[in-house]
Structures are given as structure tokens and as C-alpha cells.
């Protein structure tokens, strides 16, 4: 199995609801390093998993939808906690849609799965992995 | 599949028995960065894999049992080499026990597997993964 | 010249005023890795620059004053942009006060200068250095 | 499942053929950090996955075959793009051969799979994983 | 003293002349992580050292002049070894020119010095620092 | 001012004397990442600060004198605490001797200063800098 990973980052504000979150129930923020991994069994005709330029560009477009925002005000996230693991799934699902729409090129249709890891600090990170 | 990882570290002394270890048969030591990963299929009612505060606290309690010690003198490790991979299993098994005892909260009972990675330097690390 | 550095982190929300900041004028947030460095010419009687335990504890107390907050609402920061470089100075100045008050121990009175580096992402960081 | 990883690096020149590569069609180069991971279900009689000294030595021998070279001139890579993911497979396959030849010791015959990750920068990396 | 650093990277081919370089006399390549640091005594009217967006953009323009190239073919580097430390100076000098031309904004005219660090691997890096 | 840095590491056991060290008074250990930096005003005739191969080799020889040892048993360290900052000075002084003996080549005689940084974990490190 082959994989390729590209890294970007976002800087957002948000707050959490639930006693489990302690002081993180207050409005605060985070820098998330965003690692998007694409996996497949065989390389394409160019001997690659995915066009790393297109992958970086598409990831950048998706992180641009979240970057420099207060996620508490985004209607799509109403009623959920935008935890690190939840946001990893949001980005993975959107990337999967882009692959299926052909935005990462015809060769990328061979991608079997995607995983997204968000690093919230040097001592904590979270991931979501899904099939395509 | 979702995952959350938290990092801690320990500083221990130990020695190894067996020619394969060369100069590491002498009493020496290591800083181990300890990454504990919790995996599950679905997020809990708070939209998280595990309470990251409790996970950090429990990992800290377990690393505290090993930290600042000469592992050659710990009765529980008599007769084995406390290699990086062996210690990864020790911590993973203890964490699994804590999850099953409810120490990471009721929501954490949905955790499917745990892996622990110990980094012994910038150029070598080892892991152990197990189901819960 | 000797130095010792300890690392902590904070997760805050804030916004900036001024066209130069572009989309960062919106309410967003950041994880800042906070590296505090203490410098001196000679080691103290214990052969150290500073008690690393006390240094970590005092840095943790200072980062605790900022952590999980919206800095736009903190009266002490009214009228300024809480840029990465500005916050580095805030923490360095507060640490300097603590050293001078004796909070890092009598031995720490020999500390000659302090610098604080805040990493806002894997591709950007800022520092402030001052004499004591 | 246990694993052990060791890191080395290579510095090579190469170029790519195919419009998808844009400016990387020109002769350029890369430092690849090379992480080789060995996995197995049970530790061997020395309580390890593999002799980390031998693993480092064998990985070094393999990276030495590629290091400080223009891969465009290597006959074995004629007609393919030496992409990061392709090179990960080259190194993984060669390591697998070495394990099967007994070069990593008798104990290493229990290794179940190998994966190799090549980091081409702080924002992009690729992997290949295979059974033994 | 305040500083701000931004990171970019380049991937180049080159070779060295001189026995001291051993196998690096062959055509090979490198990924250089490029860290550009701007220092000044006082923050500007926006409470910053430099507009981090402009700094990133200008650094990107300068690295774009070197990226994906065989430096052996660049007339400007004829007769010198494009060592890591030499390239750090090239980029620092060009950045200094850009600051003096006003490309980093009027506020950036207060910048007192620039340093550039190039990481050629996880175990070797080089820097050049100069006044403005 | 130019600089070049090379990284190695050591794994040692030791203990500390003095109440300030708390649990670190027990025999424990550490992995120290060892970064050695060489600084000079002008590059030598090969356009470098120092032969990076020789620098790596000499640093390796010096770390080999400490590696896989219990520092409590080394006569040269009797009566002192082998703190991270103390060990940084030990290695810097020994490197300086080697430069002055010509072990890093004739070109290296232009080196103006040396600094050594020891990372004891991901959250603590120490340095010593001296003129040559």
C-alpha cells in the first residue's frame, strides 16, 4: 500500500459545550496543523499516488473555508463540538468529495482511502480515516 | 476510524542482557517521548474520542510509575530486557486496564484499540498496538 | 554563556486591527508553543542555570493566565494587537518579574537575560529577548 | 502488534517526466528523511522486534546505494519517475530482501511487514508498506 | 529585541568542487528548509516586527528564483560552492535588498538585522546573519 | 556571521545531588540530542564554515566517550551534577580543543565560537556558548 501526505494549517476560534471540557468551554482558539494522507494499492501512470501540487491546492482550498474564523458562528457546525477529531472528519469528508468530483485529477480516482490528522499542539493530535 | 493521541515523556536508566545489544549492555539511560493513541469507530456524545484532559492525566499517572527510575531495579521487569518496544506494551496494557476500569470516563468505554509509541531518539522509535 | 529553555503552550482567541492583517482581522485563534529561555554566565551552586522544575511551574502559572481565553476581552490588552511578538514580550516581562521576586529560587538571581519564543505554526514564530 | 522504526537520510538529484510535475520536470533534488519500520506480532528471545544496530546498519547500506547520486543516470530507474512514493517502495523491497537473506539476524525472520516513509520536506511525505 | 521568523523550502540539485566534499562532489540534491528571521528593537505602529504575510510572500518570491533548479547551471553561482552556509547568505542578502526597496512595507524599514537558516537534513543546518 | 550545526545523540544514566532536583536525585537517565554549532565571520576557501563530514566525525568521537555510560561512575565528573547545561559545556570545551588541535582541518582554524545545545526532551533543552 502506498500513501502520500501533504501538510497545511488553520488558525481558528471556537468554544466547547459540556463539563468534560473544563476551561475549554470558554471561547479560545487553536492552530491546527492539517495532514492529509491519500492511500492506494498501485501507483498511477505517472508513478505517483496523487499529483502533490493538486493535492496541496485542494487541501488549501478546503482549509481556506475554515481559516481565520470563529467556528461557533458557522451554521454548518451548529449543535456540535468542533473537537480536533470532529474537524479531522470534516476535512477528510470534503477531500473525499473533491477526489470523487475529479478535482485531484483522473489518476486520483484510484485512491482507496483518505486520512486527516490535526495537530492541536506538540502534545496532542487527532485523526479520522475513511474509505473512498 | 477516529483517533486521539496525547504525548508525555519519561527519563529512565536501564541496561540490556544479550550480545545483540553491544555497548547498551552497560547501564545507561533514555528519555522516551510517550505517545498514547486511542481509536474508536464513532465519537461519543460530546463529539470526542476521549476526554483529552483525563487521557493526559491517566497517561501522566502511568508514566509517573516509571519516571526517574532505574528499571533494572524494578521487580516487575526482572528477567526481561526493558527495550523500547517492550515498554510500549507495558504502558499500552496499563492504559487498557485503566480504560476498562472506567478511569477515562464512561464515554471512553467505546474505545476499540490503544497504541503506544516510544521515541528513544530523533532517529529511533517503537510502538505496540492492541485491541481493547 | 549558559542557557536553559522550557516549553509550554497556550490556546487563545483574538483578532487584529489594521489592514495589514487581512483575514486575521476576523476573530480567530492560535496555539502558541511557548519557549522560555534563561541565560547566565556561570552556573549556580547546584551546577544549573535555574531549577527546571520551578521554571516549568512558573511558566505554567503565567501561561495559565492567558490560556483558553479570548484576548480581545482582556482589559490589559485593550488598544493593542496581541501579535505573536507582542505576546512574547508580555510573557518575558512577567517571567522577569517572577525571577526578581525570587519565585524561581535564590540561585536564579544570577540570571542575566530572558528570551521567549512563541511558535504560532510550523512555519512562523516570534521572539522577544531582554536583560534582567 | 509491535514495531520498531529507524531513520536515515539521502540527498539526491532527479527530474520528472509528465506535465503533472510542472517545474519539477527540471533537474532538481531532494533530501529524503528515510524511516524504515519493522512490524511483528511477538518479540524475539531478546525482547525486541529487531536488532536496532543491525537495522540501522542495513538501512545505511541501502541508502548508501542511492545517496549523493543523480537518479536520472541510474540504469535501474530508467523509464520511471523516481517519485517519493516510488523510492519508498524501492527501499522497502530491498530491506525485505535483506531480512529474508538473514542480514538482520535470525531473530528478524519473525518480521511480518515493513513500511518505509520518505519525507521530502516539512510539508510532504510518502510511504509504502508491504508484507514480508 | 524582537524577532519574527517565517519558513519556506526549496528543492535543488548541485555538486561541490574540492576533496573535502567527498561523495558530495557528485551531482546530487537537497531539500532546504529556509527560515528567515527579521529583528528589530521596537515594534511598529501595528504592534508587529514585519507584516508576516508580506514577509512570507517575499521569501516565497526569492525561494522561487532557486527552486527546482540545478544550481551548477546558474551563472550567478559560477566558481563557488553553493554550500548550505553560502546559500543562507544569498537569501539573506536578497531579503535585505527587498526590505531596503520597501517591498516588506514602510514599517519594515525599522528592521535592524536579518538571519537566514537553511536546514539540509534533520541532522545538519547552517545560518547567516547580517545587519541591515 | 555564518554558522553550521550538526546533530548527534547520547543515551546516559546519572543522578543528581541537591534537594532542588526532587525525584531526579534517584538514578535515572536521558537521551540527549547534541547540536554542535560552529560560527565564523568569513567562509573558508571551500566556501564553507567547516568540513561537515569532519565535524560530524569529531562530534561522534566526543559523544562516543559519554554514550551508554552511567555518568555517576565517571571520575572526571566526580563532585558535580552532570546537568544538561553542564554537559553542554563539557562537549563544547572538548570540541574547542579538537578545533585548536587541527582535528577539524586547517580551514577550521577560522572558527570564532562554538555552542552546544543538549535537548533532554521535547520540552526542555540547554546550551553553552564560548569563544575559541
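Note that the chains take the letters A, B, C, D, E and F in the order they are written out, and that residue 1 is the start of every chain.
Please note the rule applied: a residue touches a chain if its C-beta (ideal position, glycine included) is under 8 Å from a C-beta of that chain, and two chains touch if they have at least 3 such contacts.
Worth saying up front: this structure is predicted, and the values here are computed from it rather than measured.
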Check C-F against B-F and say which one is joined by more contacting C-beta pairs.
-> B-F
Give a one-word verdict, same or different, on whether chain A and chain B use largely identical residue numbers at their interface, taking over half shared as same.
-> different
State the chain with the largest centre-to-centre distance from chain D, centres being mean CA positions.
-> C
Longest centre-to-centre distance from chain E, chain (CA-based) = B
In whole angstrom, how far does the Cα centroid of chain C sit from the Cα centroid of chain D?
-> 41
State, to the nearest whole Å, the distance from the C-alpha centre of chain D to the C-alpha centre of chain F.
-> 31
In chain A, what residues contact two or more other chains?
-> 7, 122-123
Which of the residues in chain A end up touching chain B in this complex?
-> 16, 18, 20-22, 80-86, 88-89, 122-130
Residues on chain E engaged by chain C in the complex (per definition of touch) | 1-8, 43, 46-49, 51-53, 56, 105, 107
Enumerate the contact residues on chain E facing chain D in the complex.
-> 7, 9, 11-14, 23-24, 26-33, 67-70, 120-123
